[in-house]
Amino acid sequence: MTERRAAGGASSGGGAAGGAAGPGTPASARLAPIEYADASPEVRAIYDDIMATRHSDWVNNYWKVLAHHPPSLKRMWANSKQVMGPGALDPLTKELIYLAVSVTNGCDYCIASHGAAARRKGLTQEQFAELVAIIGLANETNRHAAALQLEIDPQFR
Amino acid sequence: MTERRAAGGASSGGGAAGGAAGPGTPASARLAPIEYADASPEVRAIYDDIMATRHSDWVNNYWKVLAHHPPSLKRMWANSKQVMGPGALDPLTKELIYLAVSVTNGCDYCIASHGAAARRKGLTQEQFAELVAIIGLANETNRHAAALQLEIDPQFR
Amino acid sequence: MTERRAAGGASSGGGAAGGAAGPGTPASARLAPIEYADASPEVRAIYDDIMATRHSDWVNNYWKVLAHHPPSLKRMWANSKQVMGPGALDPLTKELIYLAVSVTNGCDYCIASHGAAARRKGLTQEQFAELVAIIGLANETNRHAAALQLEIDPQFR
Amino acid sequence: MTERRAAGGASSGGGAAGGAAGPGTPASARLAPIEYADASPEVRAIYDDIMATRHSDWVNNYWKVLAHHPPSLKRMWANSKQVMGPGALDPLTKELIYLAVSVTNGCDYCIASHGAAARRKGLTQEQFAELVAIIGLANETNRHAAALQLEIDPQFR
Amino acid sequence: MTERRAAGGASSGGGAAGGAAGPGTPASARLAPIEYADASPEVRAIYDDIMATRHSDWVNNYWKVLAHHPPSLKRMWANSKQVMGPGALDPLTKELIYLAVSVTNGCDYCIASHGAAARRKGLTQEQFAELVAIIGLANETNRHAAALQLEIDPQFR
Amino acid sequence: MTERRAAGGASSGGGAAGGAAGPGTPASARLAPIEYADASPEVRAIYDDIMATRHSDWVNNYWKVLAHHPPSLKRMWANSKQVMGPGALDPLTKELIYLAVSVTNGCDYCIASHGAAARRKGLTQEQFAELVAIIGLANETNRHAAALQLEIDPQFR
């Protein structure tokens, strides 16, 4: 996909406002990512926290497009940090769960971005093959259960 | 769900054949589970393997309804054993992936059965809460990615 | 599911109006089916055509609930008659396609109603078992294709 | 996507027949849009109505590909006019509902075409950001409800 | 669904802690809602805010089950307040978008709870009928677009 | 999609091993298809069986990418042969069911590959148009059933 972004380029220009248009601004066909250089201080602070948290020197398109609406950017980053941060499940397992959802929904962007995250966290080729197999099997048996109108066994309640 | 199974009871009767009707038999409204006592030797052998593999003394409805078509029963059990058996991912992680798919698809039977499997394999309440949170977040961001028509970052390829 | 229908019963009462409330009527929690005896002449005419077309003496809940909005009832019955009527695909094949979609979406009502339709059109138990197997396999490989980010072979274009 | 359309180009040629092949014609790999100049009078009449209804001077690919099967073209245009036409919900709200479905299903074509329709009907950037946030949140909580096997509160019935 | 909640009742007992079990606690089959009387002060504060925000005197099961994991309860309530609160889209439109997603995903709980919310915000029977029609049409055309492998018109970019 | 495959090319190199990396090998961004010339004898034997079964002289990307994990390749080919092979449903009907699922899930690769398979098995343009119409209608009515919270008619049980 190499098409030009229609009004997106225009809407992200204009200096310090950093693409965060006012309430009455018409929506654009497709929003261009807001680069760090063009971002408002508020948006930059979140980009900085994303990079610091991930020990990374760049920010991916999800955040840079979400940045057109700073309250969404701030909210989703807070959610992501809390949900994907340290907890009772290890970081790689968290990414596998994320990938299982993204593959089931057929989200190409998410498969690419969280596939990369899983590899950074140590995913091996063998683990990936097993992940793919389980996702496929679960999607298969989910439909068997629906087609056969299965009653839940009392032991499972 | 307490409704009576219409023709299912009838179709699973009829002695040792255990409900495995011939090719021209009309399909039933809903297939009743084939109990061990009513199952053919071929089906019993698979039930035995299911129980031995799981260190369990009962077989759940998925297999008992699938048993109406022995080639499907045999095939799915072989798949399940291979995919969910020992490998590069630990047994609990495999169940979490399975659950992530089943929840995303809204499969009540599968959530109940694999939720039970995950608990048998040690799932704690804290891990469950994190699983639910990740599944929800991934389903949310998957749609953000679609709505925003995100371009995949070159770094993810 | 045996719960009482909250305001539905009230909204379908009131004689010849047949539950077709005016534009400003507040929406009900769950709409009760409009029975033939309570239906307006306009709705009855469609019920009659449904029964005549199907060589049946009753109308199922889908149509009886849709009847609360006669333009939707009329429109959907016209669509259904055209799409599911005689054509280049035989009637049983059409039902199998319908079931494949309904199972993939996990629509219990649709699986029950179109399962019944398929059986009336001659579905055998063996054919049903194969249908279930194909639906499962396709749902499995669909996710393999997504997970593996497959490129479409030039031969398929 | 710039690949050549295999047999599509051929099937849409041939003058007045306008690509509407006979019942026994083998299916093509991908159907090329039927342009106005190549369309049959029957198809042109619908194109004319689409443009008149929309105050537009062109027809988009959905209709031009559907035109290979005139009964489907006619049927879907009639549905679309009735469902998306003037009613109790205003035109922009109707497009937002359409977009919510299309994003949830990950339909890129539909997001692009109904995104454009929504912008023509006045969608602002702020409204778009809220739409995206609600779609995401609903997809998230839908899965929480499934994972937690929530019982419906009596107050909601 | 009237089945008993297996271990849920037990896990929510135990006094003021209100069911918020420690990290190592085994997961339960199905979590029982935590009632106000059994809730910790932290959870009660959120229940209070939910009721105050909604001008209501009760809390629905979604929040009462989520309360088993207070960080999730707190996070989701903050998200919900921000996303569904006052903004550029009016409250009823927000609920219609929520419903469009929930219906597309087949989430019974969410259809019931947000259907109730929409009615409280003034949804009429006519608007509901139009909502249902649009959701159906969008789901239909989404699949037409996929089946026909439509190319996005340059005008939509 | 014309992007370069990042590490894929590297991981499939290395001679006779044919891309089947050991358990500890890091996962690649996107796996390149393993060509016949680069495949291990084990993988070649399956490629040979695929081509012989299909009376074809090439193997499509699904199998060539799955080949990175020979147990998955072997397992899925065995499943596919059993499920899609001769049975109570004719070969074209089986492909239509497959397509109905793939379109509902929006799987572009699967629509392309099984569309080609259906055409090889005699799908006509008229049958394709009817298939598309039924898939669309079923996806529409599935959502009507959910939105209207339909109760299953006793006659369907």
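As written, the chains take the letters A, B, C, D, E and F, and residue 1 is the first residue of each chain.
As a working rule, contacts are C-beta pairs under 8 Å (C-beta built on N, C-alpha and C of every residue); 3 or more make two chains touch, one makes a residue touch a chain.
What you see is a predicted model, and the numbers here were worked out from it, not measured in a lab.
**Student:** Considering only chains that satisfy the touch condition with chain D, which of them also satisfy it with chain E?
**Tutor:** Where chain D and chain E share a partner, that partner set is A, B, C, F.
**Student:** Tally the contacting C-beta pairs at the A-B interface and at the A-F interface, and name the larger one.
**Tutor:** It is A-B, judged by the count of C-beta pairs in contact.
**Student:** Would you mind pulling out the distance in Å between where the CA atoms of chain A average out and where those of chain E do?
**Tutor:** 21
**Student:** CA centre of chain B versus CA centre of chain D: separation in Å?
**Tutor:** Taking the mean C-alpha position of each chain, the two centres sit 35 Å apart.
**Student:** Approximately how many whole Å separate the CA-defined centres of chain A and chain D?
**Tutor:** 26
**Student:** If a residue has to touch 2 or more other chains to count, which residues of chain F qualify?
**Tutor:** 1, 23, 29-30, 71, 75, 79, 82-83, 88, 104-108, 112, 115-116, 124, 126-127, 129, 131-133, 135, 137, 139, 141-142, 144, 146, 148-149, 152, 156-157
**Student:** Over in the complex, which chain F residues touch chain E? Could you list them?
**Tutor:** 99, 103-104, 106, 108, 111-112, 131-132, 135-137, 139-144, 146-149
**Student:** Under the stated contact criterion, what part of chain F meets chain A in this complex?
**Tutor:** It comes out as residues 1, 11, 21-29, 68-69, 71-72, 75, 105-107.
**Student:** Any idea which chain D residues touch chain E in the complex?
**Tutor:** The touching residues are 1, 30-31, 58, 60-62, 65-66, 76, 79-80, 82-84, 87-89, 93-94, 96-98, 100-102, 104-105, 107-110, 112-116, 124, 126-127, 129-131, 133-135, 137-139, 141-142, 144-146, 148-153, 155-157.
**Student:** Spell out the residues on chain D that touch chain C in their complex, using ranges where they run on.
**Tutor:** So the residues of chain D touching chain C come out as 3-6, 23, 29-30, 71, 75, 79, 82-83, 88, 156-157.
**Student:** Enumerate the contact residues on chain F facing chain D in the complex.
**Tutor:** 1, 106, 112, 115-116, 118-119, 122-129, 132-133
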